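First chain written, first letter: the chains are A, B, C and D, and each begins at residue 1.
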Amino acid sequence: MIGVAVVGYGYWGPNLVRNFWETPGARLISVCDLRKDRLTAVQSRYPAVQITDEFEEVLRDSRVDAVAIATPPAAHFKLAMKALMAGKHVLVEKPMAATSDEARRMVEEAARRRLVLAVDHTFVHTGAVRKMRDLVENGLGDVYYYDSVRVNLGLFQHDVSVIWDLAVHDLSIMDYVLPERPVAVSATGMSHITGEPENIAYLNLFFDSRLIAHIHVNWLAPVKVRRTLIGGSRTMILYDDLEPSEKIKVYDKGITLNGDPQRNGEKVYQMLVGYRTGDMYAPHLDVTEALARELRQFVDCIERSEQPIADGHAGLRVVRILEAASQALAQRGRVIELEQARRIA
Amino acid sequence: MIGVAVVGYGYWGPNLVRNFWETPGARLISVCDLRKDRLTAVQSRYPAVQITDEFEEVLRDSRVDAVAIATPPAAHFKLAMKALMAGKHVLVEKPMAATSDEARRMVEEAARRRLVLAVDHTFVHTGAVRKMRDLVENGLGDVYYYDSVRVNLGLFQHDVSVIWDLAVHDLSIMDYVLPERPVAVSATGMSHITGEPENIAYLNLFFDSRLIAHIHVNWLAPVKVRRTLIGGSRTMILYDDLEPSEKIKVYDKGITLNGDPQRNGEKVYQMLVGYRTGDMYAPHLDVTEALARELRQFVDCIERSEQPIADGHAGLRVVRILEAASQALAQRGRVIELEQARRIA
Amino acid sequence: MIGVAVVGYGYWGPNLVRNFWETPGARLISVCDLRKDRLTAVQSRYPAVQITDEFEEVLRDSRVDAVAIATPPAAHFKLAMKALMAGKHVLVEKPMAATSDEARRMVEEAARRRLVLAVDHTFVHTGAVRKMRDLVENGLGDVYYYDSVRVNLGLFQHDVSVIWDLAVHDLSIMDYVLPERPVAVSATGMSHITGEPENIAYLNLFFDSRLIAHIHVNWLAPVKVRRTLIGGSRTMILYDDLEPSEKIKVYDKGITLNGDPQRNGEKVYQMLVGYRTGDMYAPHLDVTEALARELRQFVDCIERSEQPIADGHAGLRVVRILEAASQALAQRGRVIELEQARRIA
Amino acid sequence: MIGVAVVGYGYWGPNLVRNFWETPGARLISVCDLRKDRLTAVQSRYPAVQITDEFEEVLRDSRVDAVAIATPPAAHFKLAMKALMAGKHVLVEKPMAATSDEARRMVEEAARRRLVLAVDHTFVHTGAVRKMRDLVENGLGDVYYYDSVRVNLGLFQHDVSVIWDLAVHDLSIMDYVLPERPVAVSATGMSHITGEPENIAYLNLFFDSRLIAHIHVNWLAPVKVRRTLIGGSRTMILYDDLEPSEKIKVYDKGITLNGDPQRNGEKVYQMLVGYRTGDMYAPHLDVTEALARELRQFVDCIERSEQPIADGHAGLRVVRILEAASQALAQRGRVIELEQARRIA
């Protein structure tokens, strides 16, 4: 039985608490937050759980084997490092840290102490994203493009741009689904409130192959959109996370080349390209709650000394891209190379 | 009565012929194409119309006041210049020319000879786009962003990239709808067939204000999408051209600032932003066929010596952006300034 | 402060408990259920709430002013009557009772004792249905038809047909929204499992005016549909409960009569009818949770000795129609008159 | 080469003319209409085709082997009988005739003279409906229900109710797709214009098996809907004719019975029913224009002395149901038996 403490009971913390409460193999020991009203809420719902506003108290508690950190990102590094140094396994919210340097030091600390360091990339535990990975590996052919739109109205943040808030989801999904890692990134965007971070942004990700990726994130859209297109040489995928049941559609569509483009290329207006239009199908998806699945895996990894799907390295790769995208954003779309991320991966 | 000749009876020419045939004030004199089978098709449908495979014959015909050019873009410049020099008014397909230099010379030639030079930016004559312009002028407030997705499977072209084929529509709509002109452009994209032009591309357009524009075009998508979002400080527009009747939706949505962001900015996590969510409405749209409306306007402009909505200057502005986008595309997204376009506009 | 007991903690009971827990003016005293495991679940979530498997204990408790009954429908009558006779106000799940005779006796008992008898017609407390009622009263003109489709896969029930399970929602909405009461009903349907009640059914409701109503309910549909059309002489409404935000759309559409149909009727193929197609709009809806709103109203009614929107009479009218529809169903669609219901209303 | 004359050049006639013009094996000889302006329109488009306002002239023309009748339904019988008696093969618009007696006499006359009598049930020649028939035969299992919604705004007709105008499509599709013929029909509906036929109607069709069918037709709906659900014991079909490409969706969904319902039936609230939720797929459909395919088949049948898919018997079965539905409509939904239709089929 793994003893768990949840730190931060704001927007996401209650989901962690509710799920840890029901995770086989886990025992929820305590919840830590700076705000009294939140601790009172915990107490009335979970009277058996200890509450505290002192993080050090959590660390001192020998019943606590693992700490789940759901505070604002700026605090992730400090809290996670303290927890690791106290010998606790760590699950940290995404983005894993505020800088890639912080993320790297967290990865190193966990490795040194042989502790599990997991990042809460919740989407990679959904039935839809897991099916996508399976489809990309088996049947899509060469991956041509990955295009995601994630827009809605709100919630504007003060300390980070829309990239750190919304694109982080796409980057964590791509990290899990795609067979390649990006080598460079560029981004453009705009803030429409003076003095505030960008509320709309477009990211380009470049790869060594012909794969191209693009992410559109926007806090100021009149409609909510969560749509990803993945084009392959054999099939293509449409992933619409707002569809109630058919979130993934697989299209047996594409092009076929008739003849040798090199030889025929100069003959203007001659069609070399044929279009293939076959069936579409929407595979049945596992509907287990992603977070339940993720927490069970976190507990299993601790027990078996294994690495989770979304480990510190995955978290670092995502932060490295976010960081580079922010640099690009500040320079009206200049392309930023990602060598370091490549080396680590 | 304005005598009209249509040059080029391939993909779009038949639409011009059918509509000129029924345009009050126009008389369709002749159709010119290099291919016999097409001319035969014209003859069987419109026995009263003269057919020819010699462009010079069209120019010599004194009954012909205006020439509509629907050939591949590479031939636009040569044919249009000859027509103008023969004293004919010209309607030319989009993109107006293969280079901005060509487009500029066409504009100058038409101006010198006081002839009407119209570009067939068909979309600006649709009820939907005209309504959008009206909405942007009246009620949208400051324009924050313009975001368009125009993707489908096919038709791949050999001589031009997907930008010249698909983004040309968005650029012509933006030129008509937006109150500002872009000052710089960047673009990324990829070709997935060796030796062929880009089949997927993303364009960014920069403006002097906080307006940002973005266009996603793709010949290799499993689904057809024609969706534009326009965000304003007061209302927001969703334009979905595939909706059978409610193509334009206007959302009374947005943000409101509570307090002074300058003073409160440092207080981390404090919400300054309020969200406004009101009614949505879909205005009834004029359903006149856009091309019919456009041709009637072309004829009217000739008769009254007026300039059409989409004149040579509009065509040139669009070509200038396409040209800059192609330069950007070749340099992995480098930002290209558009000073010249600004000067002319 | 009104003391409340919830009886039945199966599918719907937990929602009542959660909402009563947070209803201002209400104090949740106890929860009663026959199953131990359910009572244990209550205890772990709400340690301050008393649990019991004896209904009589609830009735004896003088702190309990009102009883909310969420058991299977067959038990509603017996439990509600006992509660009323013990001087408790009652909120009962829909359908209110298994027969109209039972419902009528409940209404009479509550009236005799001047107790509040409310029926949990939850939908009439949603923002969407309240807006519909407002629209029907103001602007729709004469109501021409009410057409509802409520289909999905599952949950099959053993003791009642799909009418009692799904159409009860539509009937309660119609009772609230329409300006008229039906005078007759017919129904057809089919069971596809030997020995089980009908899993698909179609109801027709007849009115004294030209209004016609129709409900399609189905437990065996591949897709989930929740769509209601209301046609009026001036505007028309589409209510799609599965739309995330634009649940209600109002169409400024209809017909206009040109000339006198009496005089022109015999002239075959002459068009008298003109079509009016104006704007569509989707009003912003109140998003308060319906059950929260309903329970607050229930408590208010007790305190002020008022009648709730969905009182025993409303519940009885709905049961009377369900009963008649069941008779019709058994006779392949014979029309059943609803005189008694009319008298009571 | 089969010589063809088209009679009636109103709403549908131009489609017949255009398609016969391009049907291999057919030669369009003449077009007949009472209105001068329509004949002029034919002449300007098809100068080689003869025009006339005298039907007798068509019949006398020995080059004419077959007559396609696209007049208002009231005239079908008289014109078709004359054509048959003149030895011409006949293709007649739907509904085939104004009464089942007329339809029966047409069938008999064609049989006596060994002429092809085809009814223009266009939908049965679409890729979508042909695929549905294939799916129903192979894989759907027992057919449980057939449910169709066909509603829109307009076009109101004076001489026939919405059933004859819209439900005729569903009845012709059902006749082709279902393995059984209905044995009885009932219908309810309403007219909202004094003195005019019903503009909204609901049809129930009864079968000897557990199959149940239902059709909702409406000229006064704010939105256009063309949706059919077919439920089977193994799979289920959603046919949405307004979907641009995925018109047919096949759901691997349904119920499974756990245990013996006879033995377990009395145990209230015990679940016998299990739900099966598998993949959905949308088969690629043949996109040949239905009318082109139909006319080619008509010509083939004449040449080979074969019967078309939609022959006079099919037309008669549909008219018989329309007739019975009209009787039912006039009696507020009384069930009308269809013995005669059964006998003939």
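We adopt the following convention: contacts are C-beta pairs under 8 Å (C-beta built on N, C-alpha and C of every residue); 3 or more make two chains touch, one makes a residue touch a chain.
Per UniProt, the chains are A, B, C, D = Gfo/Idh/MocA family oxidoreductase.
Fair warning: this is a prediction, and the values are worked out from it, not measured in the lab.
Colleague: If you apply the touch rule, which chains end up adjacent to both chain C and chain D?
Modeller: A, B
Colleague: If you tally contacting C-beta pairs, which comes out ahead, A-C or A-B? Let me know.
Modeller: Most contacts of the two pairs: A-B.
Colleague: Per the centroid of Cα atoms for each chain, what is the distance between chain A and chain D, given in Å?
Modeller: Centres of chain A and chain D (C-alpha means) sit 52 Å apart.
Colleague: Taking the mean of the CA coordinates per chain, how far is chain A from chain B in Å?
Modeller: The separation of the two C-alpha centroids amounts to 38 Å.
Colleague: Per the centroid of Cα atoms for each chain, what is the distance between chain A and chain C, given in Å?
Modeller: Centres of chain A and chain C (C-alpha means) sit 42 Å apart.
Colleague: Considering chain A alone, which of its residues make contact with at least two other chains?
Modeller: In chain A, 277, 280 touch at least two other chains.
Colleague: Sort out for me which residues of chain D touch chain B in the complex.
Modeller: Those in contact with chain B are residues 45, 47, 224, 242, 244-245.
Colleague: Quick check: in the complex, which residue numbers of chain C touch chain D?
Modeller: Listed in rising order, the residues are 72, 74, 144-145, 147, 149, 151, 153-156, 158-159, 186, 188-196, 200, 202, 204, 206, 210-212, 214, 216, 218, 220-223, 229, 231, 233, 236-238, 249, 251, 253-255, 257, 261-262, 265, 267-273, 275, 277, 280, 332-333, 335.
Colleague: Under the stated contact criterion, what part of chain C meets chain B in this complex?
Modeller: Contacts found on chain C: 246, 252, 277-284.
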